[in-house]
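Each structure below is given as structure tokens.
Look at the two complexes coming up: subunit A is in both, with subunit B in one and subunit C in the other.
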Partner chain A sequence: MIQSLGQNLVFGLLVGALYGLVALGLSLIFGVTKFLNVAHGELVMFGGYACFWAFTKLGVDPFLSIPISMLLLFVLGALLYWLVFSRTVKLPEESKIKNTLLVAFGLSVILQNIALRAFTADERGITTSYASTAFTVLGVRFPIMRLASLVVAVVFLVLLTLFLHKTYTGKAIRATAQNWEAASLMGIDIHKVYLLAFALGAALAGVAGILVTVNYSIQPAMGLGWTMKALIVMVLGGLGNIPGALLGGLILGVTESATSFFISSNYREVAGLVLFLLVLIFRPQGLFGAKES
Partner chain B sequence: MDKKKIILLALLVLCVAALAMLPLVIEKDSTLNLIILVLLYMTLASSWNILGGYTGQTNLGHAAFFGIGSLTARLLWINGMPFFLSFLAGGLVAALLALLIGTPAFKLRGVYFAIGTLALAQILNLTVSNLFPEMSYNPALADYELVPRYYLFLGLAVLTIGCASLLVNSRWGLGMMAVREGEDAAESLGISALRHKLLALGISAFFAGLVGGAFAYYHVSYYLNMPFSPEWTFDPMMMAYIGGQGTIVGPVIGSVFFVLLKQLLVWNVGEYHLIIFGTLFILIVLFLPGGLIEGWKKIQNLVHHRKTSSGTGGFSKKFGSWLHWPQPKKG
Partner chain C sequence: MLKLEKVDVFYKELQALWGVSLTVNAGEIVALVGPNGAGKTTTLRIISGLLKAASGEVEFMGQSLLKASPHHIVELGISQVPESGKIFTGMSVLENLELGAFVQRARKQKTESLQRVYEMFPRLAERKSQQAGTLSGGERQMLAIGRALMSAPKLLMLDEPSFGLAPILVENMFEMIARINQQGVTILLVEQNVQASLELAHRAYLLENGQIVGEGKGSELLSFESVRSAYLG
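And now, the complex of A and B:
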């Protein structure tokens, strides 16, 4: 009993790290640009397909295809920003969020159907030679793929935080997130910052897509489910709060595995959504965020 | 009532009468099925529009009301209740659900309301697919007739659009639009935003629930969670936007356009209609927030200016005011 509870907790934490990584890009984009990109799940899907084709056609190991997927998604993100999202930059904040939400819905429909045409509706996954390796510590299994997800998620969180705090560009991004008007008066090119933040967010979705492919499976209709997960995590961790994303992911992962353990695995996702609604209504600033003045 | 309105009304009556005569003339079921699809989307998009277009609350959980209406009606009907009562029960249960979740949901403003309702609809979708995993069959398959179903959808579309246009031209409708244009300003004039939003949500959900019941009557067999699927929210929402959200004719135009496009592209190139429809939706949100109806009006104005400068009244002077429904919010 205790052991399987522990196993569940560990699994929840490991899955949660993956959720955190899925939300990281969404959170970066929302925090900086106030675009609510609900096509994030579709970006994750394209990242997954990049990795899948690299593995099946070229034999590239999924973890080595991280740069490929990131680069492709970076370009796709930049393209989407340039074509679509840049048109909403000048709107006041509230209508900006609403319009980008609608536009992103349109995009998710388009991207999903493009994927359907290009890759068919088949469910795809990757099984590497080392996929079934696992460590056992105190009777609790640690599958290597899930551990790798945790490592990748933490590495990218640290890299992103370093980038945002230590580099000049990163500081410009944070300044823009705080107050774009003041930032633009200081000579920061808002359009460039937005473009970079959006493309980076998309690239992070690409990384997340790889982890989804090796741990779960991918198919064209997967987008909305992962967008919901990212939204839940983002709201739990606080909107636009970067380290909050990982923490929110861990909470969602543990909530889901606790629901599987105590109630039924059928209601795993429902529990996450209920938590999401409760937090939205009672603590809209996130679980750890301070109240905005 | 002035002359133009009478002409408009007469045309509308003629249109509905023509649609009502159709089953007497047309033998082919496929044509009727196509029109049923248009009528279904028309009702769904018009009901979404009451809250989403006129009250400015982007509801991304409309499928929940459509779904709960169809679930209620289907279960009651299959278990022996007369269809018409089950159908009404579907609408009432949907409205009840709306009023139940309304107060907490409207604590969320703007975009938070949108993602909150999306989550709510997904909760219902997942729960229903857990509770009712089997396919629902209609035991009375031998008695299946298309024509009564056609009339049900037609009547429902007329009822929904009629009620919506009565509502938005009433005092309550004006209040709803005031809430859309500025919640705080509306409150300061003594309009209770919450009450108006609840009313809009309740009516919107009621008609969505009714059309859900019609869906349950129409389909011989389907998975009970199918009407809860998010595309029953997104497609009607896109239709309302493309036609012109916050207008009565907008959802009508949008739904006809959607089904026509779907048919046309299915015949020619496969399932590209959603890619094109999605692109059009994005373009409209970005550049023409009033939808096709606003585009049409802009063209009309151009023509009107030309005509008046050359001295004649012109088409738009005579008929332009048909299109003068209350304006949606810009931007």
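And now, the complex of A and C:
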């Protein structure tokens, strides 16, 4: 009993790390631009396909395809910003959120159908030679692919945090997130900052897509489910809170696995949504979000 | 140095500025005074490019600013301290100052500028690694001015720098502005503290309901009967 509870907890944490990584990009984009990009799940999907085709056609190991997927998604993100989202930049914050929500919803349908055309509706997955390797510590299994998600999620969280805190460009991004008007009075070109934040957020979705491909499977309609997870996690962690995204992911993962352990796996998804509502009602700034001063 | 000519500005249907013309010469302190809602902040926002004029001309050192974007205007040498500072509260004091030197021209002389700002405001040097959100009102205003100076501006525009400060700090603030000016920075000052700003300024404009209704030497305006009765009681 104790052992399987431990196994469940570990599994929840490992799944949660992936949730966190999916939410990281969404949270970066929302924090800086106040665009509610509900097409984030579709970006994850494209990242997954990039990895899948690199593996099946070129034999590239999924973890080595991280830079390829990031680059492709960075370019896709930049294009989407330039063609679509840049038109909403001048709106006041509240109508910006509402408008981008609608725009991104339309976009998600378009992207989904493009994927359906290009890749068919087949479910795809990748099995590498080392996929079934696992470590066992104190009777608890750590599957290597899941463990890799945790490592990758932490690495990218650290890289992103270093970038935002140590580089001039990163500081400009944080300044723009806090107050775009003051930032533009510093001589920061906020359109460039928005473009960069959006493209980086998309690139992070690309990384997440790879982990989804090796741990689950991908198909054109997968986007909405992952967008939902990312939204829940973002609300848990606090809107635009970067480390909060990973913590929120871990909490969602553990909550889900605890629910399936103690109640029933039928209620897994419900648990996340209940958590989402509770946070919105009692702590709308997120579990780790500070109130605006 | 700076010239506004017959500038009209609208917020949607509502006209906020009516043919505003004013000049700031190199080396001067020019005050723009007037009651709340007269259009003082609007005038500054036009100059810094955050708002666009419907008609008229804005020129800085012979270059038109009408089509320039805000970041380009900072690069040209105009820096604005916005109303109530608008410092980045979630970042350290040092990071705030570094961001002030974001434009290429200023980044080259960042170290010297930082030295100068710390000399002028020793308090900021003491608190450089502190979160800006933990500073007191007076320190925040210092930081906002220090941050603007980091861009090595030729023209510094201050929007209500004395707002919300204790009387003793207000006096300090005006002394500080005079010192910055003595170091060769031209100043355009927007203030509701009419007495103090007219005493400090070389020249001043009186703005009411979006129109310039008076102009002259600071001391002259101070003796105007209408100014006296309207602002000084």
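In the analysis below, the second predicted complex is superposed on the first by the 292 of 293 C-alpha atoms of A that agree within 3 Å, B and C clash if a C-alpha of one lies under 4 Å from a C-alpha of the other, contacts with A are read in each partner's own complex, and residues count from 1 in each chain.
Simple rule for what comes next: contacts are C-beta pairs under 8 Å (C-beta built on N, C-alpha and C of every residue); 3 or more make two chains touch, one makes a residue touch a chain.
Predicted, not measured: the structure shown is a model, and the values here were computed from it.
Undergrad: Does subunit B (first) or subunit C (second) touch A:Met228, or do both, or does neither?
TA: first
Undergrad: According to the contact criterion defined above, which of subunit B and subunit C contacts more residues of subunit A?
TA: B
Undergrad: Figure out whether A:Leu162 sits in contact with subunit B (first) or subunit C (second), or with both, or with neither.
TA: After superposing on A, A:Leu162 lies clear of both subunit B and subunit C.
Undergrad: Mind working out whether A:Val75 is in touch with subunit B, subunit C, both or neither, as first, second, both or neither?
TA: Neither partner.
Undergrad: Touching A:Asp189, do we find subunit B (first), subunit C (second), both, or neither?
TA: second
Undergrad: Based on the superposed arrangement, let me know which partner A:Leu64 touches: subunit B (first), subunit C (second), both, or neither?
TA: Neither subunit B nor subunit C is touched by A:Leu64.
Undergrad: Per the contact definition in the header, classify A:Glu181: touching subunit B only (first), subunit C only (second), both, or neither.
TA: Touch status of A:Glu181: second partner only.
Undergrad: Can you list the residues on subunit A that touch subunit B in the complex?
TA: Residue positions touching the partner: 36, 84, 87-88, 91-92, 94-95, 97-99, 101-103, 105-107, 109-110, 112-114, 116-117, 224, 228, 231-232, 264, 266-267, 269-270, 273-274, 276-277, 280-281, 284.
Undergrad: Going by the contact rule at the top, pick out the subunit C residues touching subunit A in the complex.
TA: Against subunit A, the touching part of subunit C is residues 48, 50, 69-71, 74-75, 79-80, 82, 86-91, 95, 98-100, 102-103, 106-107, 133, 147-148, 151.
Undergrad: In the complex, go through subunit A and note every residue touching subunit C.
TA: Contact set of subunit A toward subunit C: 168, 171-172, 174-175, 178-179, 181-190, 293.
Undergrad: Where on subunit B is subunit A touching in the complex?
TA: Going through subunit B, the ones touching subunit A are 58, 104, 107-108, 110-112, 114-116, 118-120, 122-123, 126-127, 130, 230, 234, 237-238, 241, 270-272, 274-275, 277-279, 281-282, 285-287, 331.
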